[in-house]
Amino acid sequence: MTPLLEARSLTRRFGGVVALGQLDLEVAPNEILGLIGPNGSGKTTFFNVVTGIYRAEAGTLSLEGNDITRASPRVIYHAGISRTFQRSRLALPLSVFDNIMIGNHKRLNQGLWFNLMKRNAFKREFEASYRAARALIEVFEPWLAERMFEPVAGMTMIDRRRIEICRALISQPKLLLLDEPSAGMTHDETKTLMDEILQVRAHSPNLTIIIVEHEMGVIERITDRCVVLNFGLKIAEGPYRQVAADPQVQEAYLGVA
Amino acid sequence: MTNALRAAAAILAAIWFVAVVPAEARDKVKVGFIGPLTGGVSANGLGGRNSADLAVRLRNADAKAKYEYELVVLDDECKPNVAVQAATKMAAEKDIIAAATHYCSSTAIATVDVYHKFGLPVVVWGAVLPDITYRNKYPEVHRVNGTMINQNETNAELLTRLGYKTFAVIHDTTDYGKGHNEYFSAALAKRGGKIVGTFGVGADQQDFTAELTQIKALNPEVIYFGGLTPIGVRIRAQMDKLGIKAVFDGTSGIVSDAYIQGLGPLAEGTLAFREGAPVEKLPGGKFFMEKYTAQKYDNPPEAYGAFAFAAMDLILDSIEKVGPDRRKVIDDLANVKNRDSIIGKITFDDHGQNTVSVITKYVVQDGKWVVWEDSEYASGKRKLPRQK
Amino acid sequence: MDIGLLAQYIMNGLMVGMMYALVAVGFTLFFGVLDVIQFAHGDVLTVGAFTALMTFVGIRTAGVHSGSIALLAMVIVAIFATAGLGMLIARYLVLPLRAAPALNTLLITLMLGTVLRESVRLFYPQGANPKPFPALLPANSINFGNFNLRLDNAIMLAAGAAVIVGVEFLFNRTKLGLAIRAVAQDEETARTMGINFVAIVLVAFAIGSGLAAFAGVMNGFYYNEINFGMGLYLGVVGFAAAIIGGLGSIYGAILGGFLFAALQTIGTVALPFASAYKDVFAFAVIIIFMAWRPTGLIREKISERV
Amino acid sequence: MSEGREKSRAPLLPGVIALALASLYLSALLAVEKQSLIIGLLALAVIVALGAYWMGWLASVSQSFADRENILGALAIVAAFAVAAYFHDDHFVLLLIVTVLLYTVATLGLNIQFGYAGVLNFAGASFFGIGAYTAAVLNARTAVPPLVVLLIGGIIAALIGSLLLLPVLRTRGHYAALVTIAFALLLKAFLEVSDVLGGPQGLQVKGMTVGGWSFNDNIELGKIELSFYMSYFVLSLALLVCAFILVRRLERSWIGLNLDALRLDETAASCFGLDVARWKITAFTLGNFLIGVAGALFGMVGGFVAPNNYTFADSLILVSILLLGGVGNPWGLAVATVIVIVVPEKLQTIQEYRFLLYAVMVIAVLLFRPEGLLPRPLRSYFPGWRP
């Protein structure tokens, strides 16, 4: 069967530095892939290239067999890939609901006439979206669903993460890219969040996830398979236990000569 | 809380009613003055303002006066848009009966429609563009000073007589400058002078090196300038910087002390022309200057002060005669014939234009505007640039 | 075209170009150290020019009649006063807003510009009127055909050039310059290198504003007249020049200044109609340029952390 | 935030009282001539406002405006008519009111560009002027009905604005600012030298006429004579209401959301499928259209246009209104416009210092209350809607 996402010798440099070197990578439908490696090993760059923020200098990317190498971020989003950011990039002054709706862009009617003149039709769409968002967020934190119309600015770190993930999930993407969901959270918070992610997965079984994470505990717990990057190169691939045992990987992490 | 708000409402209402109660004394009458009180030509504006103020003061001091007059002064900055706002404000205020308005032609021509729309009688005291009175036939609009037509005739006549043949024209692109360009070119053509180049410039342009560099190549004997003091000063100064030797031949727009102060010695030999006799030669000139100096205003009356005084005095006469009513004042001004004034007899034609035939020629000599006939240039003691 | 005329046009262009360049350097300096646009820069220039004028009046009333002393005093007082003003602006308006969005800094300085402009108009005696500026430089001139070279213009050009060279030296040959460039490069590293960030910012603003004052005085001597509005125009042109050159680059700013003057001169020579069109032409070119090179000739790196 | 969660709608009363007080106060301010009284009134306003703020009344007022906007909006229209009726024969006051109305329309346009989409526009006055000049030319040289001219004024402004689209789209932050500033200077320079458009002298603008009846004639209803500005007042108010509804619906739709997302984080927005160019263009064009329409009508009201009406400084005034009122809050804009337009007109003593005062005010706002006098509330897609 064709992989959901397939990267072939994907390359990107910044000045002299190789952020991604000839990277080959496949993601099977429904799997949770862990993308690990020391800082600056090209994990986030990979996400940015996949989502079209950066252009790949060489190589190809394809989603379900269709080429998306040169596609713009919005095309890629419409194709069914959405993401979270390492540093939370929510619209802080806006309400929780607004933030989630930003992620719902492709399922909302964007026509000028519809939005300005057909207020009743708009109201129906609005209420439907509200129910959808509420349903989704209740999977994470029922109590958060009560605060849908409060500004994100006042929310805790974990709540912001939840909202960010909801923003990415509301459009029911095929592929979800999680960029260090545990960043800036306590161990317990991380654990709860992972539980919630797994729950979401349970709700939508054919969701594929790539997760970048430093917390090996998280990786070990939720990923089916891992890819290890170092200096933009893939140095190992396989189930977590296997790659963790790999001497190259240990060297990359611990700098053992 | 609502009680508190109601209380506040009550207070407000109280103030409101206090304010609405009309509190105007019967014998008080408002008259207006508009002129350029700020900006490059403010000297003329302030001179005019003081002169109009003088007219009002003398009238209020006069025991026989029926009313007590209050002068409302507004600034038009010599900018058409500001003038229209000021004019609208003054005309919209019902208890202002009449006004003496505008030194700059660009502002006067822009505002005539406003005065007509609101039916405010005005007497123009300084602007010289013919169109102000002659474009329309508005009963509201009158003018005590003459138009630019005659001054350009005299101007062309003098310079051709002095033997100058080639002229370059610089004029600002307001109606004032355009008007001067039009009338001077016509007057010069009649007398066989040749215009080698005409340049329209912005009314607040800073740098004229581009125009002057081209003029330098054309090498005219005279540079005629149709515009006001500020850019007049700049152009004369930059002529010198580019080493252009030519007569600087101006219009009534630069007849002001500010021009000489701005240039110092460079002003020497500048020509300019103004309709109406110089103050000291006016019938009421002596009287006017005495009263003016007695008031100790901090600016001189400048070239058009006497006209401003005459305009305001004319207005006050009418109000004394027919009472504080715009319509009646308009009717009264309509038949002003040989009215005595400090500038001589005033007679309005059917366009409300006073006929001022006499034109005074000026030349700057030793830092003063000197009447040409009395100057050492006329006597031949000094010579203008490139004079044969 | 007649060679003399050509020379004349070039001379005119060089004079204004020099002023533009001096203003532009200020903009680029501020942007370098703080990534902000100090929109009041043009009006700071106005303040500089009026300070010089006041100094002149003061000296005359004090009874000193030596032109050279007056000249010296005017330049020095203007530059120092304005430098101080620049520091105050940096300290109390620009630095406090570092956390806020860049737009706010832009607005607050725009408004400060209005405050300075209006203050000159309202509080300088009859500030609304253009003020004659004394001609203290020797006015002798030599004619080559249609080209008239004035000593005072030559002196001003030389002085301007000297200042620019001085700035260049300051930046590339002194510790201070190094520090400023370090801050411009990367604030964090600079701090870790033990550079006093705030102090450097203040110095940069002082220098930039001082240059503006110099340009203002130069403008006064060139036109023998100053007015409260002079800074707005010069400011925008300087800003445009700095942007053409690419914000953050000193050379770019100087280049941009002369480019803009060249544009205007070309506008006046090439366009058949009124020379007033030169600004329409110049600004149109700027806008088109912005579409072509959104970040100027010498590109400023935009690093977007995602 | 407690009001936010309770299911019942906020009470109507506070809004009504605030509205009544405001219109009463405004009439008082407009009627009073005596300077001392005016100063007293202004002081009173400040005190009342601060008091209401401390007592938390302002919060409840804004709540009831948030929940009952439709009713209160209708009442606001009634109030405006009441004030105008009281001054029915006072040319100057009515002119002031019309000015306020039209400036509010213009700032609403600016608000779409700047407050929602975050597209800088420092040439607001220029687009205002383009509308006015369009009116001047069309009314003088064509038989196009003036009501249509208003639309054309807006369209021309939008079209000329679209010349700037490419640079505006390609540039960010300071660079984008330069584009519009350069345009503002360019336009003024152009008007100054263009003979066809009257040069520095400017042009007369023929007044508005609807179906043969001219707005420049006074109206006589039996005994009472109404100022001719009355008809301009009605038209301007109508225009403002339309603009207000438009902006409101825009904000309370997915488009409003898109614009906010765009302003707050362009990259993130594009990662969620948002077409940055499309929405920037929409906002910029729509904004310029509104500004142009307002400008066209204002040109007819003033009866005269000249380059000096539309300088960079005037553009800054529009921006000041926006910041003062509270970026993104239409009601705030209305209040700010009154402050910026009416107060200096009435308080002759500060008339000369007004630019200075605006500038200082804005600086203070930016330093101490960046969100403006009446900060923009959270988006509620339907006033009073509760889950």
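We just call them A, B, C and D in the order they show up, numbering each chain from 1.
By our rule, contacts are C-beta pairs under 8 Å (C-beta built on N, C-alpha and C of every residue); 3 or more make two chains touch, one makes a residue touch a chain.
Bear in mind that the values here come from a model prediction, so they are computed numbers and not experimental data.
Taking the mean of C-alpha positions as each chain's centre, the chain lying farthest from the centre of subunit A is B.
Between the interfaces B-C and B-D, more contacting C-beta pairs are found at B-D.
For this pair, subunit A with subunit C, the centres built from the Cα atoms lie 49 Å apart. Each chain gets one centre point, the mean of its Cα atoms, and the points for subunit B and subunit D are 37 Å apart. Averaging Cα coordinates per chain places subunit A and subunit B 75 Å apart. Counting only residues that touch two or more partner chains, subunit C has 233, 274, 276, 306. Contact with two or more other chains is made by residues 53, 85 of subunit A.
Counting partner chains per residue, subunit B has residues 173, 200, 202 touching two or more of them. By the touch criterion given at the top, residues 38-40, 42, 173, 199-202, 205-207, 209-211, 213, 216-217, 230, 233-234, 237-238, 240-243, 258, 261-264 of subunit B touch subunit C in their complex. Across the complex, subunit D is touched by residues 51, 53, 72-74, 77-78, 82-83, 85, 89, 91-95, 98, 101-103, 105-106, 108-110, 112, 115-116, 119, 122-123, 126, 130, 134, 146, 148-151, 167, 171 of subunit A. For subunit D in complex with subunit B, the touching residues are 13-14, 17-18, 20-21, 24-25, 27-28, 31-34, 37, 40-41, 44, 48, 55, 57, 60, 90-92, 95, 192-193, 195, 199-202, 204, 216, 302-306, 308-309. Within the complex formed with subunit D, the residues of subunit B that make contact are 1-2, 4-6, 8-9, 11-13, 15-16, 18-20, 79-82, 84-85, 88-89, 91-93, 106, 109-110, 113-114, 117-118, 172-175, 178, 200, 202-204. Within the complex formed with subunit C, the residues of subunit D that make contact are 118, 120, 122, 164, 166-167, 170-175, 177-179, 181-183, 185-186, 189-190, 192-193, 267, 312-313, 316, 319-320, 323, 352-353, 355-356, 358-360, 362-363, 366-367, 370.
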